[in-house]
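Several structures are given next for inspection.
Next come two complexes, and both contain chain A; in the first it sits with chain B, in the second with chain C.
Presenting the complex of A and B:
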């Protein structure tokens, strides 16, 4: 098992390195450079020279990449062009805020999705399934910003239960943040639930058709026991990985949702920094998003390895 | 299995009546339309595609014509869906609001399906070292959230909305590569391919006559899914201010513009939201029904 763990870790690092290369290469391939983009019409003379010097743009790309990568590995993300501050300082609290938003949504969305998905799968093509699948199709296809705007219209404007936008300092404490994120969490959890639910449902339907479930049913095992003891463990295990893969999709949703609710997270920051044409900051945030994705997938893989009886038994096999 | 073979001859007979390459279109369409969800999907997609063509002719007002006296007016006989914050007719703008996004995403999804499908299927067939390395790259690319990448490239590369076509098709093509490769591998392992090998057919015959028809189905459905994803991504970009640019009527942009006036003029955002959502729902319903119908059709036509 240790071998699998190490291999998985190496592959995650490889992916991260590759993403870093791509993010750097895209910035290089774009017309102009970070300074001409940032300064726009002011990009001339001393101002341009100073800016280029501050980013070492006079050096060849390969050399800059090595420097950039070395600094990254040490946790130094460089300086923001617009804010003239180290990027770690700007990104830190916002990274935390996005993680809070995502975690709360996941804590609500994942259990809900599993319960509803199993329910829909077990009662396939019956009324509960039609309702659950129908709503989840809507949640997956209606754009996040439409859902979010609808929620604002109903709960913030008509009923006035929750604030429509978050007005908080970026470094507010968790206690201050929580009451403010009800609507963004609902939006994100809604979309997340829909995606995971469909995967769970398909997997449950597969498992319900398997030989061992038929066998158990024929043996006269009570239906409830068949579902909970025989079907669920093997149906849910493979969904963990697929769920983690949908995170990439959900991260795009986070950007939109944060923007709609003006939530002080990485999403609003990346949009702001694109408007500011602050390329170093944009690159750093893109990397952070990739890091979140890779971390979630790594955790999912580790979970699967820990929960999978086949791989668990290999431990004793290898040990002996 | 038995049931499928019994209905086989009947349907195969009906199908072979049609001419040449498109003989499958009729039975497949019939299966799609026989289900309520497939019917709804087909109707919605057709409605929106027709609208792209005829909206410029039937739109009652010029989409950029502003009217300072009629700002944020409620729906009336003159303006069926009301007016927006610049006094423009919401009905006309909503009718034309899909044009740019639909044309761009249709083009981009076709390109993505073709290049992704070709590369994916080849990788699945070639296998070995090349396949392994390429799939590593594919996995790594998939770790980058698509919308972020679009944002990065669109905002710094310039070139307007049409610059989105290559970017969209490149990134979506990568997920098609994955699907195409998996499909090629699973089809290659099927019994009828082994049978063809045993019969001593050329590999060219096996690839083009035995495998491609099966892969076509999977790629067709994947293309529809990519299209729906791109519509979502494009309208999100417009909503965030990086897609279609202001005087152009575009659903994402209209929804974003209307948010400020949500309390006084909800119609300015409601209609574009409804049109956008129904198109994406329609594509998904259609894709779903298409997948099932193609599967049913293939099972029916499989020699008993």
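Presenting the complex of A and C:
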């Protein structure tokens, strides 16, 4: 187990380094830099040179990258070029907001998806399955911003039940945030439920056709017990990974939805920082996203190993 | 106790019966063997006895009676009480039928909880007792294990224990020993026989293996294409069967008493669809006459509890003596020159540790899957390789084709030419000489390619043929494996198991090899199809002079095709020599145990259980590989020293510390 963990952590480190290089290169490749973005039409001549000199932008890219990487290794993310503040201070509250939105959506969406998926799988090709599968297919095919816009149109504009956009300071308290995020949460839950549901349904159908479920039935085990004791523990294993991916997706700033609802999370921040050519900020956020993906997937994989008796014994060496 | 008459329909294009008016009765304490080829509906029949129909199946008519209940009319509650309680199933593949996420103990406990009134503590004791009854070592430990941590034989025992938990009156056994090694098979069958006797349980034993059925059954029912063709006392059916199908089936089984390719039952079973106006077996029956195609014969009562579905009586049919026709297969004379030489080969799957890779020293901790194996294949001869699963048979083949480089020893073609360790560095001409026929034609033929493409691939590769000529040659090759050119444009999915295996053989022969490696080529096939494939292989050998390395766990099959035999245990040779010598005393203790464990469709033959069926994961560090399971172990010497090769007549060699005189008895 420890061996796997170490191996995975080492490979995570390489992934992060790779992401850092790619993000830096992409940001460099964008036309313009922080100074042209900041100065706008005035960006020329001496003014531009001064600005660049003050931000060290006149140095060659490779040199800047080495500097940045060295600081990063020491835990220093650097300063935002535009806001002239340490990046931690900018990212911190934004990340908290994203976590709040993601957590609420996950708490609603994941259990809902699993329950509906199991239900559809067990009653495959019956009416509940048709309804559930149909709606989930719809949710998967319609882009999330369309759903978001529809929800805004119906519930914010026609009925005026919920606010259309969140107009909140970045450091608002949870109590203030919650009533404001009903629509984004519904949108997120809708989209993620569809994905998890499809995977759950497929793996439940597989398990329902397995020899061991047939055997349990022929052992005289009542249907509900067959489902809960024999089928579900194996059927839900594959869903762990897709749930992990969904959580990573939620935490790494659901950019489009945050933008539509103007939610002060990481997603809106990264868009803004790209507009500003605020390179250190973009890099920091991108690295964070990568870190979240790696961490969540690692946790999911370890969980699968722990829950699957077959893998568990391969790792710890119980029997053959 | 039961009177069953069930017909089943497939919905869709009208009723497509899988079972047609089957009825029989099983008395308490009696064992009925249900035999038939794959697709004959025997598993479906077994499940209908529990009132269970697989998805898509519908009952057409008839009913199953058990005790006072009708299994198809009983309510859910009654069914749940009967299933697993009164009537229990022991499934074909216990490994897949045990729930992977529950421990063995939990699963047996569940059966107890549902079908007895025991308290949790009593149940816990009972679980251990049940596991003890099926002779599991360390039952308390096993109960805490998950199914995947057990061997195939152990899983099957757990399934038996679980079935016994409900104190059943009827046990349904759906191919319970298929896929197990002979020694394991014998253990399980003896266990079932004893349990049936001591507990007065009725058993319905479904199997395609007449040898296993012969061992346990009081009566035998033969199923052909969904209908009973013959049912009666087992001695009578095995010794003097009346129905031509039963006779053909018995004749197609390779026997230990003679080196001959078994009789081939021509043709295939008819499709299940459509009304049946004639005898279902008529198209394949050598004795078919006019009445056979004119009307469907009825089950004719021919004695006490003996019925046959045939228009004719036994004496009205052809001479039944033709069943024991002597061998037609000419034995090869003294083989010419050596083709493949394997010298002191050792193979390991474990990788060298980092340290020993640096120091270049031999890693002592490494487990050698195969060690010190040497043999020679001569031109045009067949070498049989036998051994239980895990004996390294397939590993040796992998080394010869260059998929698994040996870590010691060398492999040479034609006496002098050494073969490269890895297949990708071997020259094309060298690859061409050695071809492989795989065990499982389902997974070794690309399902998206047509038969023509599959067979043309080696033609294009080795002979640089153009598409057109390759296709013509492919058609010729198909003919030589007894398939018509209509098959050229089919995909493997449209072929039956036997047909697929023929395509696999045709592909191997397309390269015109000097040596064909046959890895368990018939073990996935029905006996009648197996007979056809064996016949084909021996004909091809006669025509093309190819040599075979024929790997199989089935000793009777090896007996029928091989010239010389290698007996392997844990990747070490135990015994080698001409087939007649190896299959006759003196035996190596391991060969002897295997031989005596063989089940033959002969009611008078009793297999002997000599060795434990425990699976060894690794060979012992030193001494004789068979030391832990040997029934005749003479002493400590076996643990210390590798057994010497004892030369007997005709190149027969036994690796054992015991003298041939002792081994002879």
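What we mean here is this: the second predicted complex is superposed on the first by the 254 of 320 C-alpha atoms of A that agree within 3 Å, B and C clash if a C-alpha of one lies under 4 Å from a C-alpha of the other, contacts with A are read in each partner's own complex, and residues count from 1 in each chain.
Operating definition for what follows: a residue touches a chain if its C-beta (ideal position, glycine included) is under 8 Å from a C-beta of that chain, and two chains touch if they have at least 3 such contacts.
The structure presented is a predicted model; accordingly, all values stated were derived computationally and were not measured.
K.L.:
Return first, second, both or neither, reflecting whether A:216 touches chain B, chain C, both chains, or no partner chain.
P.N.:
Only chain C is touched by A:216; chain B is not.
K.L.:
After lining up the shared chain so the two structures overlap, which partner does A:160 touch, if you call chain B first and chain C second: first, second, both or neither?
P.N.:
After superposition on chain A, A:160 lies in contact with neither partner.
K.L.:
Could you let me know whether more residues of chain A are touched by chain B or by chain C?
P.N.:
Of chain B and chain C, B contacts more residues of chain A.
K.L.:
Give one of first, second, both or neither to describe whether A:233 is in contact with chain B, with chain C, with both, or with none.
P.N.:
It touches chain C, and chain B stays clear.
K.L.:
Would you pull the chain B residues touching chain A in the complex into a rising list?
P.N.:
Against chain A, chain B makes touches at 136-137, 139-149, 151-153, 155-158, 228, 232-233, 235-236, 239-242, 252, 255-256, 259, 262-263, 266, 269, 273, 276-277, 280-281, 284-285.
K.L.:
Give every residue of chain C touching chain A within the complex, in rising order.
P.N.:
47, 50, 52, 55, 79-85, 88-89, 91, 93, 96-102, 110-111, 114-115, 145-146, 148-151, 162, 166, 617
K.L.:
Looking at the complex, which residues from chain A come into contact with chain C?
P.N.:
Chain A reaches chain C through residues 209-212, 214-222, 229-230, 233-234, 308-310, 313, 318-320.
K.L.:
Residue numbers of chain A touching chain B in their complex, please.
P.N.:
Going through chain A, the ones touching chain B are 14-15, 18-19, 22-23, 26-27, 30-31, 37, 137-138, 140-146, 149-150, 152-153, 157, 245, 248-249, 251-252, 255-256, 259, 270-271, 274-275, 277, 279, 282, 285-286, 289-290, 293-294, 297.
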